[in-house]
Amino acid sequence: MKSQFVADLNPGDAVLSFFRVRFQRLEPFRDPSKGQYLSLILADRTGEMPARVWEQGPAVAGQIARGSVVKVRGKVEAYRGRQQLIVARIRPAEEEEYDPADLVRTSERDVEAMLDAIREAITAVAEPHLQSLLHSFFGDEEFRAALRQAPATLRLHHAYPGGLLEHMVDMLALACPLLSLTPELDADLLTAGILLHDVGRVAEFRLSGLDIVPTDEGRLVGHVVLGDRMVSERIAQFADFPEPLALRLRHMILSHHGRAEWGAVQPPRTLAAAALHHLNELNGQVSRFAALAGEGREPGRAWTDYDPRLRRSLYLGREPLDAEEDTD
Amino acid sequence: MKSQFVADLNPGDAVLSFFRVRFQRLEPFRDPSKGQYLSLILADRTGEMPARVWEQGPAVAGQIARGSVVKVRGKVEAYRGRQQLIVARIRPAEEEEYDPADLVRTSERDVEAMLDAIREAITAVAEPHLQSLLHSFFGDEEFRAALRQAPATLRLHHAYPGGLLEHMVDMLALACPLLSLTPELDADLLTAGILLHDVGRVAEFRLSGLDIVPTDEGRLVGHVVLGDRMVSERIAQFADFPEPLALRLRHMILSHHGRAEWGAVQPPRTLAAAALHHLNELNGQVSRFAALAGEGREPGRAWTDYDPRLRRSLYLGREPLDAEEDTD
Amino acid sequence: MKSQFVADLNPGDAVLSFFRVRFQRLEPFRDPSKGQYLSLILADRTGEMPARVWEQGPAVAGQIARGSVVKVRGKVEAYRGRQQLIVARIRPAEEEEYDPADLVRTSERDVEAMLDAIREAITAVAEPHLQSLLHSFFGDEEFRAALRQAPATLRLHHAYPGGLLEHMVDMLALACPLLSLTPELDADLLTAGILLHDVGRVAEFRLSGLDIVPTDEGRLVGHVVLGDRMVSERIAQFADFPEPLALRLRHMILSHHGRAEWGAVQPPRTLAAAALHHLNELNGQVSRFAALAGEGREPGRAWTDYDPRLRRSLYLGREPLDAEEDTD
Amino acid sequence: MKSQFVADLNPGDAVLSFFRVRFQRLEPFRDPSKGQYLSLILADRTGEMPARVWEQGPAVAGQIARGSVVKVRGKVEAYRGRQQLIVARIRPAEEEEYDPADLVRTSERDVEAMLDAIREAITAVAEPHLQSLLHSFFGDEEFRAALRQAPATLRLHHAYPGGLLEHMVDMLALACPLLSLTPELDADLLTAGILLHDVGRVAEFRLSGLDIVPTDEGRLVGHVVLGDRMVSERIAQFADFPEPLALRLRHMILSHHGRAEWGAVQPPRTLAAAALHHLNELNGQVSRFAALAGEGREPGRAWTDYDPRLRRSLYLGREPLDAEEDTD
Amino acid sequence: MKSQFVADLNPGDAVLSFFRVRFQRLEPFRDPSKGQYLSLILADRTGEMPARVWEQGPAVAGQIARGSVVKVRGKVEAYRGRQQLIVARIRPAEEEEYDPADLVRTSERDVEAMLDAIREAITAVAEPHLQSLLHSFFGDEEFRAALRQAPATLRLHHAYPGGLLEHMVDMLALACPLLSLTPELDADLLTAGILLHDVGRVAEFRLSGLDIVPTDEGRLVGHVVLGDRMVSERIAQFADFPEPLALRLRHMILSHHGRAEWGAVQPPRTLAAAALHHLNELNGQVSRFAALAGEGREPGRAWTDYDPRLRRSLYLGREPLDAEEDTD
Amino acid sequence: MKSQFVADLNPGDAVLSFFRVRFQRLEPFRDPSKGQYLSLILADRTGEMPARVWEQGPAVAGQIARGSVVKVRGKVEAYRGRQQLIVARIRPAEEEEYDPADLVRTSERDVEAMLDAIREAITAVAEPHLQSLLHSFFGDEEFRAALRQAPATLRLHHAYPGGLLEHMVDMLALACPLLSLTPELDADLLTAGILLHDVGRVAEFRLSGLDIVPTDEGRLVGHVVLGDRMVSERIAQFADFPEPLALRLRHMILSHHGRAEWGAVQPPRTLAAAALHHLNELNGQVSRFAALAGEGREPGRAWTDYDPRLRRSLYLGREPLDAEEDTD
């Protein structure tokens, strides 16, 4: 079983443990007469670090696949201010040697408790067709299994198995005071929108070994339309599902990104759709900022690294450091 | 039967004919003590003109609905450089009194010949699943009936019943040399994309009397996703339709507007999707410019009126006139 | 005292009541030989309606100022599908004749209860400097008085006296689950940000009679910088207010609009600033959609009027009507 | 000769004077049984005002062309807070009856003095080819004649005959300190760029009677390319004009609008082109603001009307008034 | 003569052949005490590959110029998943040793046949002035010579000598059905626009040795204005060329990029200009997608590399691979 | 004292001199068994160059801090077409060994003369409150000391100590002809705006050793609001400073970037604010282009390197070279 984790390693440490292969490529030595070495990124549930297999690289490269698990003996070195693992021995691990849960970051929350919370929210839905529709999804073990593995996004927020469940449960919590404050807002519709707006995520990504990667469908259709279709197909199984209700619900899914340039198929044209969009933004963006700030937290740092997607550094609040961002 | 048409009327003409009501509203006389008159826009297949019912307006207003047909006696007058019809008598028409074809602008082309051309194009599709899918649509009389009535857009181009058929047939013609020039381009897929990319239009609009108006579904879902779903549902009826082929076809539908800000759910990520998008632009935009230039053609005019959607006037090429467009 | 309210009037009603003048202008009769009449918009706390003073218009125009209160005798007529009040007699009202509360729309919520809720939230702030700062504002009767009168925005949401208080109190409620879900988020800082981000609103608007209009300062400086300065000046009165804390708080105010093109002086660069921005969006936008949907609610209408700021109609969900919005 | 000017007229004044027809159209009386009247905009060098010819309108309309001059007897009335001229008699004026200089706004500066200043600037150009090129333009009486009549823009700034000369001369003055401060900047090239960047304006506009209107060439080619071609053709007449020098000069003309979306064919890629662009902006925009502020100056007004091109009102600085601009 | 081509080389191959130098630079060995080696990119008509001259690098660097041809002896090695050529001997080639056609990618189509097709299209032009103008260009051997060498763009599509001819001939073919479908469209004008819109390309690029690079004129003026001027100058040689016709034609050239931000000097304001723009887009973009998809085609790849200009990967349609593109 | 400067060094030179450390990091040798070396960027007032400390790197790294000064013995080598300094010995310098003025680029102009010019401009301000306010700033030795050290921007223009003073003095010079040409423009207000619009820059940056880096305040508040507050606080010390004057001045500071997306808090809404913005652009952009062109000037180069902020290369005007910029 795995006893050493990336997050705990320090320069000088001797390592003997299991890791997941996030990336691998043969690269030449700088002195080209020496041939090639193997460059790796090794990961476990606590993080990832670069690794190098020097002379044996070409010999072992063929046995090691992206997304697979390896057993590694080596030593941690400091390199350009970061750590890397110099590998003395490496081999593919057998499935019985490790626990996959040690090797993949997953939600730190209790998945079954989150499913319970969703079940409870469904029970509170008074509109019978919406309740039945939700039961049809969340009572389906195949869907629940997919959900347990699904991230909410690939990289922006909740980007790990179980992340999608967290996103749903958190939005339910955030919706509570909003519903109290907004009597015009249909609680059943909002609950349904929260629980169904991202169901397309389960078809947008797939496992490649232990890695999460986008599917072709995810890239050619996108989770918004994938989700709309999953919902439409389930609705079609109910003979008497009211057409206007279906239309309102589908509109919420199709518009939950808020603006065409952010990926919305339609801009929100109902109160419930507007509420869903802004709850989604609130939960997604606050999670993203919290994660960036968390990753950037090191002793003596006042600012995170520049984040190219967000186009800024975040202020952490201790001593100032320069960032690469432009302040002109 | 109808013997006088809007396009032929001149100031001073006495009128006794049938028209479709495009718009109606009671408006007060400028001297408010005189009460209200009825303001109308009357239309037939050749065009439309404003009309006024003076004193009797309030009395007849209740009998006249938007989209309905009326019989009118009156006289044409010039008003602000345009013509208007001063109505002496007006009453709802009976269905047997008129031929709807006289009252609605439709394609000037032979609808059945266009359907034949499509049938021929389908026959030429070699890939059997695509051919079956196309047969499923175009062999379905209900779909064909909807198609005969469908415009391609509400206002931009081919904006009349039969316009959607014209758009399809024209794109097939435009695709011929493109396929010759581009051996990498899959002809069957492009034909299928041309014939199916806008099928959602038949659910985006509906008749309100004889008028075409958007449906709720058209505004809350949009023709792109409506069409994707219609195609997906037909595909689901074929047990063996290859999944990758379905994906390519759906991607073409979802990306045919080219850019998110122009309404594309995804940007084109295949050669066939890019070809479909640019054929659609070519046919749509050239039709739009041709229509604008045609409407603006009057003796002595070098420029059309300013078109607020296009944000420009078009040059017609005779003597110059000022336009409202800014040239600073 | 006022016994008839705009919201209760119907065509044919005889009116004898007090109204606030929202707008007034002399306009010529359509028959120009008849001279001018007086066009008014009259308002009370329940809404507003157009009014006309025919022959006496020029004579009374000089006595009636925008923002003042008048006593009116007249009759309600239908005009272009809306109502207007035909005025037989009109005169300026004396202050003792009416209750200003009848004439201005204000928050329907209990202002003192909202102030209590804020006081409670301040008590819960553990960080002593922030608590003191908040006391300095909310314990200041002059500030509280301004707050009771302040709208949150001129037209977009909470656009009436007391609206700013509603916006604050609602955001406090919305922040509760967010804080539970986000342990990294500093609750004291977020509370302070919620209560102070819009304090500049009290200087951005002023009363012109009973009307709310922007101040010169509001238009030349803007509520964001006005608020930042009000907060900075109060902070300067505390000898020991920690500089980094002040910086974080000011950054929240300066960035609460989220993007430069939406009016943010800086984009949010801290977790608390991001949270504040998205809570503000959630509360502001949901309120705006709720208000638009509420105003548009009439029997038989499925869609609101086209809203030029939002660039769309909202779906209300009964029978469809055409909207002016483009669906091409 | 003309003795009364628009800028001096007040309500109640009896008028007997000459005016230029900026606009004319027959419009119906509001009581449609009364037929049509003639709506005019009459102008002279001091401004413009609306005018109405009631009963005689149709009879005189045919004699009055846009851009022509008329003799008018009538009376000034107040209408919607503005003045309008009620015409009792109107007839076309004979050319010998009026001085065109009274009827068209022109530069208030001495045109010949401006041409002298340009001649002086040309004399100071040391580079012989540039000097010859400039002489070729400004020594050409036909070009000078066109220049005397040319505005710099149709509406934005210097929008009157002689305005282009003002723009050139002002930019020469503004360039002086810039050249002192920037030794790397080629003074001869900058002078040439200032004097030639807008020469295309003389072909962009034409006189329609006494009115300035855009030409077809102005709208289909634009002043930037028109100017580039005028300069290129003159250069082609010099056998030995250095090609790199021609290229630099043409680049300045083609890039003087700075950005593609502002009308630049290329972005500035030389120091001299960047300097030309920003001098052009400085002079053009400050002139535009000065003109807007000047027009808006009325007793008691703190803000100008909302300017739709600039999308704002300007602050004039006295008592505040509401503007239509949004401050939310 | 050349017997080995880049496209046919495999790791381990011994090489003795001629190549064009696309790029060269001395770089230090990673062990800096060993001095520098020469890094090259060598190309022929079938593709390009990196090459290294180890110890002799500094000695031979001076003899080898970018765009020149060299004779090379060496061996192919695999490096980072790509091939590179390790050079044992290298020397400049004599002109008589190689055929330039082996060393530069050119159109695979018969250049003279394309010129014939153009000649035929010109013969079909009925409008005599346009026909004469086209003869003036395409009957000019100097222009034809430039045309044979000209690419349509530097990198986006048809980016090789003869590419411009392909672009013209292909657009003629694409225009055929468009003209049949659009009777309002002037065939002669469209033919002239197709054949002349990109003539400026011959001045936008030049040969640097055997390489194509942009000229200064190309970067400071651009092919749009260069082409407009070439056409204007030829038109000026015809005494009787109708001015309105010249204007229409020039407008087509100046507007063929469609939008200011895409490089259009004016937006299309005529039907023919709109048609030209969309034909240009159709041919250019479909060619670009076809080329990208072709380059990306390797066994087992479902997606091309991320293309930074297009900001996406293209789907090729076999097994999925991750791409670097974001799908969040 | 320092006798050798970066700008004068050539390959092969022996170096013994003092330099400022702009950057330092330990990096591994390419042959990883050899451990790490120290990579440096060394600077003085004439420029900067990379340096390497091979074997001794790890031993000396701890003694050398960014922003500190070192004494170096070594030799200049050519590397990838640039020079680098191979360090034989390096040690921290004592403060008395060097003159900081040798080590930091500063304005080449006489700082006291610039302050005199400002004093003179203040004397010419007739409005007494503005004059007093300006005296309050520029008569304050602490502010003057900060000003002597302040750059105008971090990288775009005037990016060195004293640069802010240059920017102020240059704008005063550029304003002279503008004021002559624009009688409506308030000279006192413009002078005050020029001298105060960028005072926030002194708080936006700080020294880190001898390096200029942004402060936390600079990044969380920004120089626009920092400057507004500095001015507001000084104004508050004058009991009788007219409120409207303060408002106009503050508006100039808050709007001097011209557009929200360029960093303006408000768009300019007064003539003086518009003038300030365009003077700022003129001086800033021309300085930026002059600096880029100056840095790019090397024998035989016609184009500068591609500038990623400006998104273009600049033309210098000799023989053409390819640039990386796209010309398609």
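Quick notes on this one:
Order as written gives the chain letters A, B, C, D, E and F; numbering starts at 1 within each chain.
Heads up, the rule we're going with is that a contact is a pair of C-beta atoms (placed from the backbone, for glycine too) under 8 Å apart; a residue touches a chain by one contact, two chains touch by 3 or more.
The structure presented is a predicted model; accordingly, all values stated were derived computationally and were not measured.
Chains that count as touching both chain A and chain D, per the definition above, are B, C, E, F. Contact count check for A-C and C-D (C-beta pairs in contact): higher for A-C. When the contact pairs of B-E are set against those of A-C, B-D or D-E, over half line up by residue number only for A-C. Chain centres computed from CA atoms place E at the largest separation from chain C. Residues touching across the chain D-chain E interface largely coincide between the two copies, over half of the numbers being common to both.
If each chain is reduced to the centroid of its CA atoms, chain A and chain B end up 45 Å from each other. One inter-chain figure worth recording: chain D and chain F are separated by 40 Å, centre to centre, where each centre is the mean of the chain's CA atoms.
Among all residues of chain D, those that touch two or more other chains are 30-31, 216, 219-220, 222, 244, 248, 251, 269-270, 313, 315. Applying the touch definition to every pair of chains gives A-B, A-C, A-E, A-F, B-C, B-D, B-E, C-D, C-F, D-E, D-F, E-F. Those residues of chain C whose C-beta lies close enough to touch chain D in the complex are 25-28, 30-32, 153-156, 204, 208, 213-216, 218-220, 222, 309. If you check the complex, the residues on chain A that touch chain B are 216-217, 219-222, 224-225, 228-229, 232, 244, 247-248, 250-251, 254, 260-261, 263, 265-266, 269-270.
Those residues of chain C that touch chain A in the complex are listed here as 170, 173-174, 176-178, 180-182, 184-185, 244, 248, 251, 267-271, 274-275, 278-279, 281-283, 285-287, 289-290, 293-294, 311-315, 317.
The residues of chain C lying in touch with chain B in their complex are 29-31, 34, 52, 54, 79-81, 302-303, 313, 315, 320, 322-323, 325-328.
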